[in-house]
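Both complexes below contain chain A, partnered by chain B and then by chain C.
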Partner chain A sequence: MKISRTSLLFFLIPSLVLVIFFGIYPIVYNVFLSFKDVNLISYIRGTARSVGIANYSDILVNATFWKALTNTAVFTLVSIFLQMVVGFLLALLFDREFPLKGLFQALVMIPWVMPIMVSGSFFRWFLSDNGFLNNFLTALGWIKEPVMWITTERMAIYSLTTVNVWLGIPFNFILLYTGMQQIPGELYESAAIDGAKGWQRVLYITLPVLKPVIITTFVLGCILTFKVFDLVWIVTKGGPGGASHLLSTFSYSLAFDRFQFGKSTAVLVLMQIIVIVFIGFSNRMKWEER
Partner chain B sequence: MLKKTLVWLVLFLPLVVGTSVFAGTTLTFQSYSNPNEQVAQFIQKVLVPEFNKKYPDVEVNYVYIPFAEYMSTILQQAVSNTLPDLVYLDNPWVPQLIEADIFQNIKEQVMQDLGNDFWMDFFSGHRLLTSTDEGIYALQIHTNNLAIFYRENMLQKVGVDQPPRTWAEFAEVCKKIKENLGIYGIIFYAGADEAGTWQFEPFLWSNGGSLLELDQKEAIEALEFVTGLVKEGYAPRDVVNLKDQGDETIWFMNAQVAMMVNGNWEFGWHLLPDVLEKMGDVKVAPFPVPDAGMRSAVLPFGGECTGITTADAEKVKYSWELIRIWFKEKLDEYYANWTGHIPTLASYSTKIAAMKPEFEVFIKQAEFALPRPPMGGMGKYPDVSTELALALQKALTGSQSPEEAFQGAARNIKALFPGQEYEETKNFVRQTLMEVLERAKEK
Partner chain C sequence: MKKQGGWKWSVLVALVVILIVSPLYFIAIGGFMSTEEIFYKPPYLFPPRPTLAYYREALSTLLPYIKNSFAISFGTLLLTLMVALPAAFVITKFQFLFKNSLSFLFAFVQMLPYTAIIIPLFLMFTKLKLIDSHIGVVLALSVFLAPFAIIILRSYMASVPSGLIEAALIDGASYFTIFTKVFLPLSAPGIASVSILVFLLAWGNFIVPLAFIKQETMRPISIGLYVFIGQYGVEWNKLMAGSMIYTIPPLVVALLAGKAIIAGLTAGALKE
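== the complex of A and B ==
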């Protein structure tokens, strides 16, 4: 049966409506707001003036913005690298049979199923000066003074990154593990007959065959990590002294601590540009791969 | 055909009947007080039933929005014309929302039903916050401020019979507790938000420091004192990462600290009678002062206001009736039984102080309490407050010296005000502060 072009368009309407109202409209409206002097009063009264690129120039000379940008880069890249490495190693481990495999697999998934409010609150206590980690290390005699995991500007972002690695491992693991399940067993059997050792099988079969899955996991992971907000907000609120702000928390703080919605949306627009550039770059990588 | 008509009737009859039954007016009262909390219980169990005696056909719908989402919700509602009819909200937000035109002017109703004497009975700070030259836009229901909660037995164990009154005594007591009991002397809240600023303001203002002159000696001294508490190990460094002020009480209840800076609302929140009975030795002392000659610290006041946000004349009438009942008929009952906060009206303060001795310290301090937004440039206050809270964290974590942190914050704050506005605001704030400080120093 041949379906007419008009009918096809008709069936597209629900998706188009969703994309336009919940995808395109907020983005366009954000861009619009980023060129206006929007604060609490002018937003409600509808009297926000156009300020050209002033919000952007103010943001670009703001030291906290650059700190947040650097933090976001460190947080995203380090998280993704470690999550993928650990996720891959776990996927390799679970790609074979061993006793209680199902139970261990469920345990690996725990960080993912736990509500972020719970894990975030737990880590705020766990990493505090008087928290479990410091008490444990002191009891072992490894430290004399508490380590300031989240109470110094220098350490906070690295502690948060470490927590995020833990939170993101299940996501990487499950995608890579599922990908590994699709690799035909014959490939490994042939390699074994040819005398390939374990690491050679991983290097010359698993990794090349898994490359598209690895790229997809990397891209999805980067996008998801780039926009992390809740973990940082719950554990440090971007502090101390604004030192652990990511772009997302910095933007939120501008909007709801300071009511500077114009500047806040300018940060969001810059975030969107970064994501678009990144997606364009990764699409090109995938294209070249094909 | 008849069968079909019957089916339609069966389907639509309940709808028609339902609509006619619920055709009365519905009033929406929006608040961030959890439905199980005292204020919400008072609204639902006392205020609304009393209102319904006069207006049985008007349904009052109590809508709860969590505090963290409250302001963003009001913002969305304001721009989409879906504001509730009546709101309950934190006092620092009021001046900006008055400027944004979301409240109805209720001056006429206040003067007619409550009278000018009643209005003038509000402490001046509450009047300043909820009114302009043109009108009255909200009424402050209750207030609160900060004091020192302490464990009497712990202080006695280290040979301290009286709670500290001055900063010097305060540091001395903290030192004794640390050295003899091996716990922290004090805990306060220093998160990078408004609550962090709110807990620092008593130190700042009592020492003569102004939010608009953070690079001055008085402000830097106050920051040095607070920073010193953490540096000496009298307070935990975790003060920068506490979830909220309620977190302090958890430390306090667990005997990890001997004293805490907290507000009277704790008596209606964590420190309920059964908890107090179990702890057995919780006492409250006035906020410490830098100079032994001062009668009281100068503090910010907190608390909630209510205002009418509907433009519908009929709903304005009903909304005002709810406010009128609260303030004219039920205020005694509210302060006596339904809140951990203290009165905003002078005449009620005396009554409640006699009735609830645990509030006495807070009620006495209320006389020296200042509204926050006017002391930080009104509409600029959220920005000013955030700058201070960030500087406080930088000093507490040692990434900057108190002087560097406040000099940086002062530069940023100055840049928020265009041209002459900074000087004018600075002078107004200085003058207001000096007036209260003078009173606090009077013998």
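== the complex of A and C ==
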């Protein structure tokens, strides 16, 4: 159907104003700010000087930046891989009829429903040096000394990644499960006639037929995980000593702990570039899939 | 035919589900225990001397924050729907130039990292005097949630028959009348599902109020819980009681409307 230009604008203007002024303008503004020596005072007074590429060159020799970059890569890829494996196994578990199925399905959504401040605070306690996990493992006799899950530079990011796997279970489960429901039963029946059983069904039917859904889940998972900020901020605040920073928390602490908005926006611009490159890459991947 | 599981299968699934939801259980019982009991070795699996004192104290401390959370969440829901519904209407039902670019624009904004928008917005809002105000938080949340809502609404609204709209147009109805009298009522299930998701996401959001609200009396409960995380230590029992109180509204929504949440999430992700 066609619509006149005035009516079209009438319906679109609210969303365009919101998204362009408060979504697109800020990310363009980041590029502008990243070439300036901006802190809160120079910003308000309008006295921020232009510093050329100094913010970028400072960032690129900053060890915490490189740590945050590799952490973001590890955090994103390991989270996604494990989330998809767990989500897939859980979907297989639900892929049949059994009593109380609806209730269990609603309960699986709980990690998604719980506010992040709640789950983050819980894991801050659960993983602390004298927290539940250490006390529990000591009681079982599995460890002698408490393990410093979130208080050593070496371990913190891996502990956070594991927590993030738990957070991502509902999303991955629900997408893969919904995809599985669309696989026609005849496929399994004819495979059964050919003698396929158990894991062969999964390997030769479920996985190949599910491939488009798996790709979608992967792409969305990457975007969502790259965005993660709150979990790390609540549990470790990027510590100890900046060892568990992600790019998101690093940029935030530059801005709000040190008021170095110029450097912070330089990191943001690099993040924006990563997102844009990834979108281009994933569109091509989806396009080739067709 | 679907494979049958029976009760034995239910027990297996129950074990896995209990493992997944156990954090919520430990938060709930943590609110009934003293700090020493919370850190006791070996850890308690049930509160040994349950007391309601911490829940009561947490509730009275958090009440103003909860009010702020409701104000922010309903404000965000209202703005998001006002912005997203008309956009979703024309995008699903009409052809126009740049339609695909527009859809891409919405998808793109939704994919951006929060910090990439929050940090420059903080500077802009400082000049616009929108810091420490719920309006600023609602605006920033809606920037992320309106595109999210549009994407989900599109897949729901595609099922509203175009013939009805064409017939109304021939009868001389204005686009606005068609939108309010024909289109919105027929999209009601989709709107309900999206509203639930938007409310939950606004209720749970952490980074926007963290960045924009420094004034204690304006803070929602997501940041308000920091009152129990002091400079010299954490009041874990009140933090857990408060966390549980904070989780109750979304938990009730999830148990009552789990199907709508699941349908909304998959609609946004899978049916493009």
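Operating definition for what follows: the second predicted complex is superposed on the first by the 270 of 290 C-alpha atoms of A that agree within 3 Å, B and C clash if a C-alpha of one lies under 4 Å from a C-alpha of the other, contacts with A are read in each partner's own complex, and residues count from 1 in each chain.
In this section, contacts are C-beta pairs under 8 Å (C-beta built on N, C-alpha and C of every residue); 3 or more make two chains touch, one makes a residue touch a chain.
All values derive from a computational prediction rather than experimental measurement.
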Looking at the overlay on chain A, is there a clash between chain B and chain C, or do the two fit? clash
For A:D129, select first, second, both or neither according to whether it touches chain B, chain C, the two together, or no partner. first
So which one touches more of the residues on chain A, chain B or chain C? C
Applying the document's definition of touch, where does A:M285 land relative to chain B and chain C: first, second, both, or neither? neither
Considering only the touch criterion stated at the top, classify A:V235 as touching first (chain B), second (chain C), both, or neither. first
Is A:P115 contacted by the first partner chain B, the second partner chain C, both or neither? second
Between chain B (first) and chain C (second), which, if any, makes contact with A:T138: first, second, both or neither? second
So, does A:E153 touch the first partner chain B, the second partner chain C, both, or neither? first
Is A:Y43 touching the first partner chain B, the second partner chain C, both, or neither of them? both
Touched partner set for A:A243, first chain B, second chain C, both or neither: first
Which of chain B and chain C A:R258 touches, first, second, both or neither: first
Check each of 171-179, 207-215, 243-251 or 297-305 in chain B against chain C and return the one that clashes. 243-251
Would you please give the residues of chain A that touch chain B in one complex and also touch chain C in the other complex? 40, 43-44, 121, 130-131, 256
Over in the complex, which chain B residues touch chain A? Could you list them? 71-72, 75, 78-79, 96-97, 99-102, 191-194, 236-238, 240-241, 243, 256, 379, 382-383, 386, 390-391, 393-394, 396-400
Along chain A, where are the residues that touch chain B in the complex? 39-41, 43-46, 121, 124, 128-131, 148, 150-154, 235-243, 253, 256-260
Looking at the complex, which residues from chain C come into contact with chain A? 1-7, 9-10, 12-14, 16-17, 20-21, 23-24, 26-27, 30, 38-43, 79, 82-84, 86-87, 89-90, 93-96, 102, 105-106, 108-109, 111-124, 126-127, 139-140, 142-143, 146-147, 150, 162, 165-166, 169, 175-176, 179, 200, 203-204, 206-207, 210-211, 222-223, 225, 229, 234, 236, 239-240, 243-244, 246-247, 250-251, 253-255, 258, 261-262, 265-266, 269-270
Within the complex, chain C is touched by chain A residues 1-3, 7-8, 10-12, 14-15, 18-19, 22-24, 26-27, 29-30, 33, 38, 40, 43-44, 90, 93-102, 104-119, 121-123, 125-126, 130-132, 135-136, 138-139, 166, 169, 171, 174-175, 178-179, 185, 213, 216-217, 220, 223, 226-227, 229-230, 233-234, 247-248, 251-252, 255-256, 261, 264-265, 268, 271-272, 275, 279
